[in-house]
Amino acid sequence: MRIAVINETSAADKNKDIVAALEGRGHDIINAGMKKTGAQPELTYIHTGLLAAMLLNLKRVDLVVGGCGTGQGFLNSVMQYPGVCCGLIQNPLDAWLFGQINGGNCISLALNFGYGWAGDINLKFIFDRLFSLEQFGLGYPPHRQESQQQSIRMLNEVSKATHRDFAEISAVLADPVIKPVLSYPGVAELLDIDAVKDSRIKKSLLSRK
Amino acid sequence: MRIAVINETSAADKNKDIVAALEGRGHDIINAGMKKTGAQPELTYIHTGLLAAMLLNLKRVDLVVGGCGTGQGFLNSVMQYPGVCCGLIQNPLDAWLFGQINGGNCISLALNFGYGWAGDINLKFIFDRLFSLEQFGLGYPPHRQESQQQSIRMLNEVSKATHRDFAEISAVLADPVIKPVLSYPGVAELLDIDAVKDSRIKKSLLSRK
Amino acid sequence: MRIAVINETSAADKNKDIVAALEGRGHDIINAGMKKTGAQPELTYIHTGLLAAMLLNLKRVDLVVGGCGTGQGFLNSVMQYPGVCCGLIQNPLDAWLFGQINGGNCISLALNFGYGWAGDINLKFIFDRLFSLEQFGLGYPPHRQESQQQSIRMLNEVSKATHRDFAEISAVLADPVIKPVLSYPGVAELLDIDAVKDSRIKKSLLSRK
Amino acid sequence: MRIAVINETSAADKNKDIVAALEGRGHDIINAGMKKTGAQPELTYIHTGLLAAMLLNLKRVDLVVGGCGTGQGFLNSVMQYPGVCCGLIQNPLDAWLFGQINGGNCISLALNFGYGWAGDINLKFIFDRLFSLEQFGLGYPPHRQESQQQSIRMLNEVSKATHRDFAEISAVLADPVIKPVLSYPGVAELLDIDAVKDSRIKKSLLSRK
């Protein structure tokens, strides 16, 4: 799996813990956001939410691991975009249930709130459970599986119905939202806009550089 | 404050606990969703998310208290819509931090996961903290307040940029998503479509009845 | 390892979840307490604490898994006796840290409080972590290991200094505390008093039957 | 109420948060342990557990607020002594349930594990709930009250039956356990051994100075 780790500024000091917890699992890890709290250029959850959504919508990654101080800000930011299903994950059982029931493509971590001794080990335990699932979105408990799988499919349809498409979104986002993302070190290479197949999205993104 | 409580089927048996925990605070409580797990007609989180978003976007309520088994489903459902900021709330400190930092208009409760002895009392404690805030969205900790308040404003702008407007959304949502909501007992009175001032939304909603 | 599972009445309906979570690990599981809430004869945490302490002090088992509604009652009960180190364990990280830092011989589970959906799976995750430790009581974090290992040794010494020995305790405990334990189905076989080598303890226990 | 705050070394930097969270409630707060991690002389949970037990058994305080990195070490240490009922408290509902069900005289806080953003505010919320109880040890839920109150009374009796009395304990504890406590700055004044009425305890403590 191709996984992007994307940290905003307030909890960027925990970035190394996330990367360490993801390593050695055979996944391709892309450390796309901040690595140190307060470093320049700075990304808030407004920016990391957009970057996460871009990487998912352009199919540059399969899963995004983001977060912020409490996890709620990044969650609300990334959920503004189409094609995202994000869980707030604080412990191994959260991870297991979210993977099992919701089968999403994004997780938001609480990286300051509740993050003390062995917070790094908790991250390892979280990813152990998330990646131990045989199938994402199978459902739980068993008697609710069919209904839950149907809900996942409906949620995908709703997401398309309620959002503008990514070409439109890329065109209308305000400069202070999109410019810091497109100019962030490494993002151009990661997005690889020239290789974007959808000509409308490509044109739209190129116009914002 | 006008508050809607909206339960989906899997955790509807906890509806009475939520209502009890909200009572006696001087708020106007509207119990708009299911009251009993498995009752007919049944609403899933797909439906309660839409109902919540409708009530918020039509300004019928100021706050929605929703949830589901883990809280993640309702959260992902209601976040598909514009003008919603939703927190996953499991304990009093979550509530306080979400109100303080994110200042949202919707909370999603975990109503089966982690809900055991004194789950009802935990809800009381959660609302005690949420409603004790002098100001929603003030920010925390102090040195992050200005940045966080700016993020709230930007999130509002992003929400408008990325979503279709509510008239369009009401027009394009699939029947299995919108029909069960519009026909749910009590919803017509609550939405009061005839009184909707925005003529496009009004027309759109009337066309789906 | 030889492990006793000991439930008191208020959470005895979770007994089957504990046993299931412990199975298949190569340990010898002894289900010594209640199996059903409210069944007769009934054991409270006063009794399960004593039974746990007896099994540990007579070296009939290596580890006791107990608990009650919140876990605090059993914890306080079993900790009245010498030779017991008990952790209150609610999630996998608790288990890991307790095993790593305290290296105890007893855990107390919260079996009604916070016990909802997937509570049984949480138990599996807890035991996965507890039994994955290479060494109990190694210490964490690394720079605190030596100090923590010394504390464990001192705690053992304190336990001997502050408690009466088990022969005296067995002699002086009030009837309503010890009689329901000694007469509980299966306990006589498990304690196997005739085989107790310490003649004072043997004599003391025989006098209470 | 007279409350002692007693910190050991690993989490002593949180001492100021505890004291701040207890202030302004009309209680008499005695800050008896360490104030800074790693300061000299250093107390481990072995020492703070004994100090807590001494203050409770000599009736110098009504309640002890202690803790350590995870809370489990202090808990196991203080529980070695007679007359102590201690809860591991991590959130407001823990505090409420422990006060309501167990009605103890000591609480152990997790001060490194899970202690991140707003950890200080969590402490305030914890004490708000603990001190809002009309009566300690009333029981919860209602149908379990009588049984739980009886368990509290039996636990007191068990504690006397299983422990040596405090005079004996004071006499036999190893030097590395008791000496650092008796010589810790402020402890002599607090214990006020000359004023101890029980002549055996007085004599025993004087012999260890």
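For clarity, chains are labelled A, B, C and D in written order, and residue numbers in each chain start from 1.
Keep in mind that, in the parts below, a contact is a pair of C-beta atoms (placed from the backbone, for glycine too) under 8 Å apart; a residue touches a chain by one contact, two chains touch by 3 or more.
Because the structure is a prediction, the values reported are computed rather than measured.
Of the two interfaces, B-D and B-C, the higher number of touching C-beta pairs belongs to B-D. Centre-to-centre separation of chain B and chain C, using mean CA positions: 44 Å.
In terms of their C-alpha centroids, the spacing between chain A and chain B amounts to 23 Å. Chain D has residues 69-70, 93, 97, 113, 117-118 in contact with two or more other chains. Contacts between chains leave no pair untouched here, as each chain touches all the others. Only residues 91-93, 96-97, 117-118, 121-122, 125, 129, 140-141 of chain C touch chain A when the two sit together in their complex.
Looking at the complex, you find that chain B touches chain C at residues 69-70, 110, 112-119. Only residues 10, 44-46, 49-50, 69-70, 72-73, 75-77, 79-82, 85-88, 93-94, 97-98, 101-102, 104, 113, 144, 147-148, 150-151, 154-155, 157-159, 161-164, 169, 172-174, 176-177 of chain A touch chain B when the two sit together in their complex.
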